[in-house]
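Two complexes, one shared chain (chain A), two partners (chain B, chain C).
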Partner chain A sequence: MGPAAFGLIPLEGSAPPEFGVQAFDSRPLFPSSVWTACHGEGSLPASCAEASSTWTDVWFTNHIAQAVIAAVAVIVFWLVVVWRPKVIPGKRQFVGEYLYDMIRNGVARDIIGRDYQKYVPYLLALFTFILVNNLFGQTFLFMFPTFSKIGFAWGLAGASWILYNAAGIKRHGLAGYFKNMTVPHGVPAPLLILVAPLEFISNFITRPLTLGLRLFANLFAGHLVVMVFVVGGSWLLLATSASSAGYSPIWNVAGGLALLLSFFVFAIELLVACLQAYIFTVLTAQYVSSSLSEAH
Partner chain B sequence: MFPLEGSSGPLGPLLPEHLSEFVVGLVLFAVIWVVMAKKIVPAFEAVYKRRDELIRGGIEESERKQAEADAALARYNAQLAKAADEAAGIREEARDSAAQIRTKARRQAEAEAERVIAAARAQIGAERVQAASELRGEIGGLATDLAGKILGETLADEQRASRAVDRFLAELDQLPVKA
Partner chain C sequence: MSDPQGNDGDGFTALSYIVAGLLLYGGLGWLGDHWLGTGFLLPIGLVVGVGLGVFLVIKRFGAKS
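Up next, the complex of A and B:
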């Protein structure tokens, strides 16, 4: 479990000395000499406070790589399941249709209703991309949910924000859409002074923020808990009086217990991974639906 | 460093460590979206459309077949009813003709019987006439013989003889004489 073992698996998280929030830091795949100098052990050069990475350190990181792998996996998966589709589906096509119907009928059609067809590709891409990235949190070689890096979550939240606003503006025109989203139907005029700003904040600012934060926070916290149970548990299990001050044999018992409980934590994390992908998709559909509706 | 980057700021991990995450995430998502819109979703929809058409076509086909079967059944039922009617008519006719045949046969038989009877009667009549004429001839002789015998032999029993003669003559009268 030393740093060397982690080094053998390039995409996995940081070495144990850094397990904390630092474990979420990206590592460059091809570290520059500057980065290596500033991320080593011991005292660091004074220049590291300023710029400690080149552009390759920022654009070719383990987390970027796993996002790319997820995207390729998603595209390959869908291409495989619709390869030479048949009227009577085989097993391969059946799996694809099951997932496709879940988003197409269960999310797009049920929530958006009329004109749902246009939004199926977006929702399908959204759901599968998030799902695969979330499942990376429980997949060896990765062991890191991509969306616990908030940049990815903000990216998708921004995309959904643009989507539902664009859909509304296209349907009602800029003024009509803006009125729909800020002036609720049936509210007396004097109250609008209070309600309209609240509606504006709720529909244009809170929505994307909560969308991104919800996804990020669930996976961030989930991964943190996994690390506490697995890395912390194994550290406690392997602790000896020689390695740690204040050692007591109860540490080893607690560590073993924590490792056992980690299975339960992993199960919960699997659920969270699927649930968050689904929730993000459903909420996007919900926002599109509210943008398209006549009277808000 | 980009202003919105860095996990060491006051917002901690709520800001992207690097802007690259945001950009790469968006670009990857856009690529997946395009693939979905251009390739995956049309492929699924095409299959669904084909399946729909096939099922709809199948339903129409079976409806058409059902209608055909219904029509055929109605036709057969009509034919059956007609045949039953015809059979009843034929039976009726047969019964009628049987009765006619019976009547005719009876009439013929009766006529034949009458004819036979008449012939028999005529023959009998003729025979009787013949017999009667023969008898008359013989009776004369016999009567003469008898009279001779009676007269010649038994005068004593005169009364009885006369009675016998009387009876005999009476009987003779009673016999129908036909030509």
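Up next, the complex of A and C:
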């Protein structure tokens, strides 16, 4: 079949006939015999409907490996960058200081204001971790943005949720923080009954939901478009009258064109990857800032 | 990318209020319809929810500029 000839998508998905949304499925790194029996070709054993994977199949997958590799890469990057700093920075130190400066001054100081220093490490780690994971979508060997699996996005959204709530509780105490987050300033008492639940939902529920969904949806959709252009394009390019019914030579032309345009799509994905990492960081800082503020 | 006022996230905060209004009061309206067997509470809830959401956005951001 066509797509296999290109081999552009090695770490994701499985055999060519399953290309599609299945390409987003995680594969175990050390598949158990049960998993192998139930995910092979041809007719599957009847017992597969229930437990067709063990806990190692669920937890040691290619996508979790990606996230761990990204975390290690981020840690190593920052260790290398701050190794023996000099007064006049070299190239290595310059890259690190540029990134650090962007998050410290451009995000943390501008948005959080007073007492921003202690949030810089989290924001910086968050930004670089998301950025590396997003760029995996354009990197050979991986070719898959980790956060197009929604569970990873929920994890980060949860971490940010804990951070901004903890920061607020520490600053104002539990009751004070709760009052800050549910009672908007300057609203007459009768309207408060209607508005306070809204404020509560907005601050505690839709915030983390939109934070996680935004990251996930952007990367999922982006990767899906890449898949359509690359896999669909290569299928059309290599189609022949023998392999598919209703074949016409226009298919090959359209396929070639789609493959060329896929470079444009990759470029857009590069932009989205950086932008989403930045937006997630900015919004986290914004939420911390609003938890810390006296009243809004 | 970073803007000097540092209010990149304000749009999302505003959106979050509107969404919360829709979800809460639309949801209450839907529940009411479901239990009472009526059909008019959902649209009313949606309108009220958006109205309150917009009210909160104005309260929060109106005074700034």
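The definition used in the following text is that the second predicted complex is superposed on the first by the 283 of 296 C-alpha atoms of A that agree within 3 Å, B and C clash if a C-alpha of one lies under 4 Å from a C-alpha of the other, contacts with A are read in each partner's own complex, and residues count from 1 in each chain.
The criterion applied here is as follows: a contact is a pair of C-beta atoms (placed from the backbone, for glycine too) under 8 Å apart; a residue touches a chain by one contact, two chains touch by 3 or more.
Computed from a predicted model, the values in this text were never measured in an experiment.
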Inset, instruction - Please work out whether A:155 is in contact with chain B alone, chain C alone, both, or neither, and reply first, second, both or neither. - result: first
Inset, instruction - Pick one for A:266: touches chain B only (first), chain C only (second), both, or neither. - result: neither
Legend entry - Which of chain B and chain C A:58 touches, first, second, both or neither: first
Inset, instruction - Check the residue A:97 against both partner chains and state whether it touches chain B (first), chain C (second), both, or neither. - result: first
Inset, instruction - For A:178, decide between first (touching chain B), second (touching chain C), both and neither. - result: neither
Legend entry - chain A residues touched by each partner, larger count belonging to chain B or chain C: B
Inset, instruction - Pick one for A:205: touches chain B only (first), chain C only (second), both, or neither. - result: second
Legend entry - Set of chain A residues, in rising order, touched by both chain B and chain C: none
Inset, instruction - Spell out the residues on chain C that touch chain A in their complex, using ranges where they run on. - result: 1-2, 4-6, 8-10, 12-13, 15-17, 19-21, 23-24, 48-49, 52-53, 55-56, 59-60
Inset, instruction - State the interface residues of chain A toward chain C in the complex, per the touch definition above. - result: 102, 106-107, 110-111, 184-187, 191, 194-195, 197-199, 201-202, 205-207, 210, 275, 278-279, 282-283, 285-287, 290, 296
Legend entry - In the complex with chain A, residue positions of chain B that touch it: 1, 7, 12-26, 28-33, 35-37, 39-41, 43-47, 50-51, 54
Legend entry - Residues of chain A that touch chain B when the two form their complex: 21, 24-26, 51, 58-59, 61, 63-64, 67-68, 70-71, 74-75, 78-79, 82, 85-87, 89, 93, 96-97, 100, 104, 117, 120-122, 124-126, 128-129, 149-156, 158-159, 213, 216, 220
